Structures are given as structure tokens and as C-alpha cells.
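The structure's right below; bear with me while I get my questions together.
Which chain is which? They are A, B, C and D, in the order written, and residues in each are numbered from 1.
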Amino acid sequence: MTIRIFITGGTFDKSYDEITGRLSFKDTHVPEMLRLGRCRIPVEVRTLMMLDSLEMKDADRELILANCRSAAEERIVITHGTDTMTDTARVLGEAALPKTIVLTGAMVPYAFGSSDGLFNLGSALSFAQALPAGVYLAMNGRCFAWDDVVKNRALGVFEPRRG
Amino acid sequence: MTIRIFITGGTFDKSYDEITGRLSFKDTHVPEMLRLGRCRIPVEVRTLMMLDSLEMKDADRELILANCRSAAEERIVITHGTDTMTDTARVLGEAALPKTIVLTGAMVPYAFGSSDGLFNLGSALSFAQALPAGVYLAMNGRCFAWDDVVKNRALGVFEPRRG
Amino acid sequence: MTIRIFITGGTFDKSYDEITGRLSFKDTHVPEMLRLGRCRIPVEVRTLMMLDSLEMKDADRELILANCRSAAEERIVITHGTDTMTDTARVLGEAALPKTIVLTGAMVPYAFGSSDGLFNLGSALSFAQALPAGVYLAMNGRCFAWDDVVKNRALGVFEPRRG
Amino acid sequence: MTIRIFITGGTFDKSYDEITGRLSFKDTHVPEMLRLGRCRIPVEVRTLMMLDSLEMKDADRELILANCRSAAEERIVITHGTDTMTDTARVLGEAALPKTIVLTGAMVPYAFGSSDGLFNLGSALSFAQALPAGVYLAMNGRCFAWDDVVKNRALGVFEPRRG
């Protein structure tokens, strides 16, 4: 069983630019993270875009959906910025593909030693193997169905939708 | 849903002793790793022992089994040295408790920046939530049933039992 | 011999804010870095300000100078943003205090595992012990007199003044 | 001014062997550390040996001395295990070469994220530039003349010779 990993950017992959002193995107850190985790699951990694998720547009989400649909693999992990992760999850969830799709990300860039990204990547790859077809968010040890999750921006955590 | 985490030692938790220049056990790193991963799943952590798994005896495995049996939680993660992880898994598997028990560990001490431990911990906590009752090994992104796994010592990886 | 360390901010001490996704200042990392380096030189650390050096004003530089003047110690290390480090060095250099003052900083925040900050801190504390009275910049293994150094912003490195 | 760096092994350069679970020597980490520290001083690195300093013999010390003598550079840094660093310093010191030679090492392997090695390397390269001809030990921010230093093995620190 091969897992497809689609990279879309987000905090997960932000790097520090020494010249400008700002955070920006260079290459994805996912291959390095898989090496560090000594990942033994066969994966295919493809970068679809490198965006802060606040800048992601409808067309970007359609592109992600199209790639999920056409992928040969039935199990997919998507790295994504946390700010609009639930929006992309909704687009994918409403498409109801016969695949297990898990979105994940990080609260802290992986390039910072203190990132939660490696923990989340291990978690997302595991939920992607164990769960039935559907669209999920895996963050910080928890897993949410796409239609039962919101981001609490004040606390920086994901929670089930209330009421 | 609270997950019980039992610590038993292993490479996962080895520290470097500056005075002797050797690897040894001090306190477990698991709470720090959960903090780093910003883990939002309720967990209860208990250290049962701090052993290199080559030094683990039958009585130690019985102690681990007894703790799994008496734990209030139905989902349990056990950190364990890799050398005899399959032996402990067998003891737990044959007991056929109505619980989901996932053993995990690391090929490199967490205290080394290059450890696979954080990735594995995220993975084990996820499989523990998603899988039905049974005993499993979660290492480097893969998950094995207790009765279908061996450690390939030459390569330092876990594999399905052949034939 | 005690070395006085004055903290003024700069890239050195920037942290990642998980809620806003931006770099900002919280507490200084210098005490943690001294612990990590197992520093055995007696030091006294005092935070004067926490500024991006582009925002540093004349009054801030006068405050740094006043603190260098009134300090009981004759050997002083100052952590400082790189963008205007040479400006502060000039204010201190022209005051011609009978003290050894070494400014240092980092191209990458210490909170990023890949920072040059720890290397630079070890270097600055060493030059502060070994050099005669004067004002110096210590960055990336090199040491410059305050009146013979410029920052090459395109490359992000310090160089001797030409011609 | 180019600084010559001789590698001899020691805790500084120990790696973790995933198969055996022991600390051992592979390649030196010094070039990676110089990259991390964004070192701008021209250096020439040469590995003379890869030894735990407890296993270093008279012939090894003579080899180090011969290399210091024949090096084109007048400023030399030597990475060395801490257990017999003072013995090698004595051999070099008694030879009274007209060069500045600084021995350094680490209490914790660099491969452990928590190493003091990067701090010490920055320090040693700085003392090597600033001090007159002589043989010195630079450890944890302090610098000792070769004939006025002992290792306190109980505490794992270097101290001036008493009385």
C-alpha cells in the first residue's frame, strides 16, 4: 500500500530567509522529515503549490481536489496551512471520493526545532492507513471528520464543531 | 477518550551521561515529546520500568501485562526497546485483552536531535485511536499485528513474518 | 573575571508566535544558550531592550552606552540585531571607554535549530576575554574593529570597510 | 589568515550507531558545524585520527605534534576527547612551537542536539585568532594555558591547577 502525499505549503514548510529576516517558502521539508522518521511506508510525494493557506483560492482547492481524484493511490495525506484547512477539507469532503484523505499541518514551522510537524506527519500517515474512506483533519494527536471541526484561532487549536 | 501511556525504557528514552560518556536512563522524555507535539489527546503517563529491552525478564513482561489488564483505559501505548519488542507483544497478544495496545520505540534516542521517536509517538497514538482491540507494533510509519512481525537486526527494521 | 552580557534583541532572540504566525520577541534565549554551551565563565546577564535593530533609535544607543559606562565589569558582550549593529558599535567606539566591548548577533534566530547564534556567542565571549580595550563586532568566526566593518546586505555577511 | 583544524575524535564527534545501539565514530561533524555557524574564517580541516582520547597513545600524540609542526598555518585548532586533552596539550606545550594552538572538545556529542560542541568550536576559533603563540585549552567559555589546567572528572569540568 503506497500513500500519496500532496504538499500545499502552510506553516509546516515555512523557512527563515536570512537576507530579508522573514518567513518564506523554499523547498518542502517533507522528504527530510520522512528520512528523520525513518519512514518505511512507501510514499509518493508531490508538491502541488507552496502557499500560506490564507492566500489559497477556490481554484487552488479545485486543483487539490482534481489531484486527489486522479491519484492512483487510495490513501492520501495533504500538508496544508492551518488557517483554511477546514475550508479545503470541506471541498474534498463534499466530493465524497472513495478514498481516505487526511489533512495535516503544523502550528510551528518544521525548520524550528520545536515544531509539532514531525509528530503530526507520523500521526497523519497512520490515520491514513487505519481509517475508512472519508476526509479527515489530523492535528496534534487528534483526528476530526471534515464536517465536525473548526479552528479556534484565539488558542491556535482545532476543536469539534459545537452544538 | 483518554490514552494510557506506559513507559518501559528502550532506545527511545536513553540519555547521554556527560560524566561517564555512556548512554543511560534518566527520566523519560515522553512528557517533553507530547509538549513538543502539542498533543491534544488526553493521556495518562506512567513509568513502569526503565530498561534496555535486552535486559527485560519474564517478570517484567508479566508486570506490563498486569498493568494493561488493570488500566482503566481501553487504548494503551507502550514505549519499549526494539530488541525484544516482539517478545513483549506476544505476551500481551496471547492474553487477548479487550483493548487496543500499541507498542512503539525508536531506532535513535530522542535526546539525539535526529530521532525517529517523535514521529513514532505521533504514529502510535494515532493507531491506538483508530484500530480495533488487539496488540500491534507501530514503528517508522508501519503497523504490524503482534503475531506477524519480526525485527531484522541486520537492517534495524521491523518486517512481516515470512511464509 | 566576570563578563557582562547586555541583551538588546535582534534576530538572535526572535521567537515564532504560534497564534499570529509571525516572528516576535518573548524572553531572551541567552541563559538557555549559556546552559547549552555549559558556559563556565561567570556572567551577568541584563536585558536592556528587545528590539529589531531597524527600530533602534539614538536614545536606545545612548542607553546602551550609558549601561556600558556604568557597568562594574570591564568586559562586555552585547547581543544586537545585525542591520544596525555597526551604528551602535560606532556610538560605543567613539566614546572610547577603557573596556573591551564585543557586539554579536545571528543571521538566523536561535529558536531555529539551524542558528549560528550559539557559535557566535561562544566566539564573542572568547574575544571579550582575549582582546584589549576597544569595541568589536564578532560574527561568524570573524572579529572586526568598530571602525572597519560594514554589513553586506545582499550577502548577509559582515566585511572590512574597503579603501 | 587561515586557521588549520585538526580532528582527532573525542566525544565531540561521536555518533549513534542504530544497529548496535552504541556510540561510535563515523565521519567528523566539524564541516557541518562550520556551516551551521556560518563560519567566515578561512579554515583547512584535516582528520588525523578518530579516537576516544582514553585510547590515544604516545605515538598518536607525536603524530599530532608532527602535524602541528609541519602545518603551513600559524594558528591551529585541535578537536580532542576531554579525558586526556591535558596530556596532549603537555606534549604540544613542551615542544614550544612558534604557533597558537587551541585544543577543544565537548562534554556531549554534537549529534545530540544538546551539545556544547558548537559553542566550544566558536570559542576555540576565536581564541586561536586573538592569543599569542602558545598552547591552550578552550572549553565551555574558558581558556587555560597548557601547564595550568586539570580535568575534574567527578564534575566533568576543566579547572586551573591548584597550589
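In this section, contacts are C-beta pairs under 8 Å (C-beta built on N, C-alpha and C of every residue); 3 or more make two chains touch, one makes a residue touch a chain.
All values derive from a computational prediction rather than experimental measurement.
S.K.: Which number of steps is the smallest that gets you from subunit B over to subunit D via touching chains?
M.R.: 1
S.K.: Specify the chain most distant from subunit A by Cα centroid.
M.R.: Chain centre farthest from subunit A's centre: D.
S.K.: Could you label the subunit A-subunit B interface same or different, taking same to mean over half of its residue numbers are used by both chains?
M.R.: same
S.K.: Count the C-beta pairs in contact for C-D and for A-C, then report the pair with the higher count.
M.R.: C-D
S.K.: Please report how many Å separate the Cα centroid of subunit A from that of subunit D, as a whole number.
M.R.: Result: the chain centres lie 44 Å from each other.
S.K.: Could you give the separation in Å between the centres of subunit C and subunit D, each centre being the mean of its C-alpha atoms?
M.R.: The answer is 26 Å.
S.K.: Report the inter-centroid distance (CA atoms only) between subunit A and subunit C in whole Å.
M.R.: 38
S.K.: Would you pick out the residues of subunit B that each touch at least 2 other chains?
M.R.: Answer for subunit B, listing residues that touch two or more other chains: 107, 113-114.
S.K.: What part of subunit A is in contact with subunit C in the complex they form?
M.R.: 11, 16, 18-19, 21-23, 83, 107-109, 111-114, 153-156
S.K.: For a test of understanding, state which residues of subunit D touch subunit C in their complex under the given definition.
M.R.: Against subunit C, the touching part of subunit D is residues 33, 36-41, 107, 113-116, 118-127, 129-131, 138-143, 157-158.
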